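Chain nomenclature is as follows: A, B and C, assigned in order of appearance, with residue numbering initiated at 1 for each chain independently.
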Amino acid sequence: MKRLLISIVLLFSLSQAQDSVLFIVPAEISGGGATVGNNWADGVKLAAEHINAAGGILGAQVVTEVLDTQTDPPTSKAVIAKGLEKNPFAVIGPVYSGSTIVNMVEAERAKTPQWVGSEAASITQQGNQFIFRTSSGQNGSIPKVTKFMKDEGINSVVIIYVNNEFGQGGRAAAVENFGNLGIDVKLELSTEQQQADFTPEVLQAIMVGADAIFAYVNEEESARLLIALQQQGVTIPVFGEAVLLSQVVLDLAGDAANGVAGHVNLTAEAPVPAVQEFRAAFEAKYGYTPDHNAMKGYIAMFVAKEMAERVGSFDKLAVAEQLHCSLITTEDEPGVLMDIAYDENGDIDRDTFLISIQDGKQVVTGVLPRLKNTCADQ
Amino acid sequence: MVAGYGATTILNSTTIEVHEAALTTVIGPNGAGKSTLFKAIFGMLPIREGKILLEGQDITHLKPLALLEKGMAYVPQGRNIFPQLSVEHNLEFGGISLKNLQETRVRMEKVYEQFPILKARAKKQAGTLSGGEQKMLEIGRAMLLEPKLLLIDEPSIGLSPILVQQTFDLLLALRDRGVSILMIEQNAKKALGISDYGIVLQQGRLAMAGTAQGILNHPEIGHLFLGGVVKV
Amino acid sequence: MQLQFFVQLLVSGIATGAIYALMAVGFALLWQTSGTINFAQGEFIMVSSFIILWLMGLLHIGLVPAFFLAMFISMFIFGFLFKRILVDPLLKYGDVPLIIATIGLGMIIRELTRIFWGANALPFPSLVKNKILIFGGLRVGTADLVTIAVAIVIIAALQLFLNKTFVGRSMEATAQNQDVARILGINVDRMILYTFLINAFLVTSAALLVTPKLLAKFSSGETFGLIAFMAAIIGGFNQVRGALIGGFLIGIIDNLAKFYLARVHLPFTDITLNLSPYALAIPLLLLIGVILFKPEGIFGRKEERSI
């Protein structure tokens, strides 16, 4: 008995020793968001492997613990609260905005930095000093799409959005930006997750006769929408954001996706050597092409690593404080893939890409350089 | 015979005898186990103890299909038709144990001869028939097998007096053709009046058995139906 | 223009409704003959599509042979084994334990599918390559036409089987009155088994038809199950025909509601309301209405209980 107790105590003290550092990774492993959540978690795990192979962070090996949020906001809050009891260095995830909005208070309360893949505008507008994005939020990226559409000569638009946190946030940002640019929003159509038939939306879009469709729905629904548009012979151009242009949608929609254009924060197609190296490593390990969520998860880990090294310890408070208004270049840390600047709210500024789909593939038609408008550059 | 539902014993050491080519009526107060007796005989309930013999053959644990093959048919209480199926298709089910559709059709014609009304309604959904016609369909379906023994549970329930009389006449005609009939009736006086033999069940036990006339005239019977106890 | 759109919505609604009908009919059949409310129905459909994909990859065979093979596997697992292992032992304790068990079974199938085949949606081949046919102004995909045709053939064959064959009628009889069926010598247990096999066949057929459109994804069973349940309640739980019409109704009403609620012009005003976010509520309102005012379903019949 005594020996057993001693070994338990020994085990405990071993795990407490700083030769490992824990990251908890809440992600949408099951449920409706499983496609994005698994991409995210795979990206994180690949980063951990790369970091450990190169000697870890400050000499400590990275340990990741993936927690399934089941794409359910209350569950995400519960698993994070439980995970935080182990005193991790950082929370990496989740992706779905609806979950993040509910669970971000947990990490804030535990004074633990949290990197998320979520893009809903409201996340960084609540004064939470521990929340950090890994791609620009809707408020950062949607203006770029709308501006691009204006440049393409679009004067009126139909918005098709999904009736959830992500879709409503995108719709609100789009309506505001279309208004600023003088583009007439003729109709906004709400759709459901798991919607089977998009014929009603397509027919409405035909009936109102806009110059373009702005689609802001989840991956599989994007594919169904594009197929329905093709079936009804709609020739008006379709614009969108990362999700619409993602690899998953292209795989599912086939040639119905051709001609779709828009703007993405990150793409495995980016003509950047570091991105291509990441992609090759990811494909070799997991056997599928990473989407932007896998890249975001990967980058999040390296941002955390770089900040721990800058602070010189795993002082979570110091890391969170230091990251605001910081610029991390690929020279500082190649794992961030592209230069990334954080503002005072946890929003980021990074080069982004204009994309159009040709022959079932993403083609980068332009690079929008970093805006350099955050406190990191001043 | 001992039988019951689950752990509850309804029939407790009940012994009865059914005479050949005769109409035997089972009477008794509610809850005496009359319907349970029929279900037990017809293989719908497990029999815990005892034996059932048909012409000397042990049929105790046989399933309904085997009993049908042995020449026994059962018409339970209430509505026993398939309302959504046609009259014809309802009747057809009477011949399952024959395992011969050709033979079934021949016998269906015989039933039709006896009940022309069923032939006229052959293609109609059985649910559209009147109560009396439905009872005819049930009896016709049981007769299709030309059974040796017919168990019939409260045939008069829900029928007008004229139809009750018709049903009884029908049963008497069957008896005259040599079918043994075991019938449960609530209307004891009327039923015993046309029966050859009578059986009185009480609390799952045989209280009395004998000729119908004998039971009808027994001084304790009137008492029984006033809720008393028969002393034999 | 308006009429053409209406017809277009009707046609595409029928195409989805036909698949919903397949899902709902099996659901209602199980209930009728065995009193099983199968909340794993959606997962049966979902995993059948994965089985088809798996067979195609494993044996390098086409969609149609893979479908027939999957059908036998599905009949064995979701017909025979489902009945023997889950339904038979539980049914004697009443409806509720079995309902809970099927909900649990659904979860297990969902998670196992995720573990074996991953969480990503997979594309699924269509029976025919979709070509768009134009009739007047109406645009109909050949894939939709084939879906409607296959669904109708399957349903018609099922109806013929149930009404015109002795075995089919024995199944109907079992569904309508099990005790009497037993008394007449019908092998009730076998008839119930047949219903489970038929349901497994319908489930695989629904998977074949629905997955090209909705993709193979481990989580899609929840939606399918819900639709089957709603269609069966709306149309009438106790009749195959009711569930059938319920399926079509949901497909069509869904489409019409989405289209016509997007721009509701208030009479005598210039105000146009966009009610598209509330379109989802229409089938649910119908469901609630049916439960409140016609619990036997729009096309169902009242349960008659003999005393």
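For the reader, a short list of remarks on this structure follows.
Going forward, a residue touches a chain if its C-beta (ideal position, glycine included) is under 8 Å from a C-beta of that chain, and two chains touch if they have at least 3 such contacts.
Since the model is a prediction, treat every value here as computed from it, not as a measurement.
Chain contact topology: the protein chains form an open path, each linked only to its neighbours in the line. Across every pairing of chains, the maximum count of C-beta contacts belongs to A-C. Taking each chain's centre as the average of its CA atoms, chain A and chain B sit 75 Å apart. Note on chain placement: the centre of chain B and the centre of chain C lie 43 Å apart, centres being C-alpha means. For this pair, chain A with chain C, the centres built from the Cα atoms lie 36 Å apart.
In chain A, no residue reaches two or more other chains under the touch definition.
The part of chain C that touches chain B in the complex is made up of residues 166, 169-170, 172-173, 176-177, 179-187, 301, 304, 306-307.
Interface residues of chain C facing chain A in the complex, by the touch rule stated above, are 1, 5, 8-9, 12-13, 15-16, 110-111, 114, 118-121, 123, 130, 132, 139, 141, 210, 213-215, 217-220, 223, 251, 254-256, 258-259, 262-263, 274, 276-277, 279-280.
Those residues of chain A that touch chain C in the shared complex are 29-32, 34-35, 37-38, 163, 187-192, 194, 196-197, 199-201, 203-204, 207, 219-220, 223-224, 227, 231-233, 248, 251-252, 254, 288.
The residues of chain B lying in touch with chain C in their complex are 42, 44, 64-65, 68, 74, 76-85, 89, 92-94, 96-97, 101, 127, 141.
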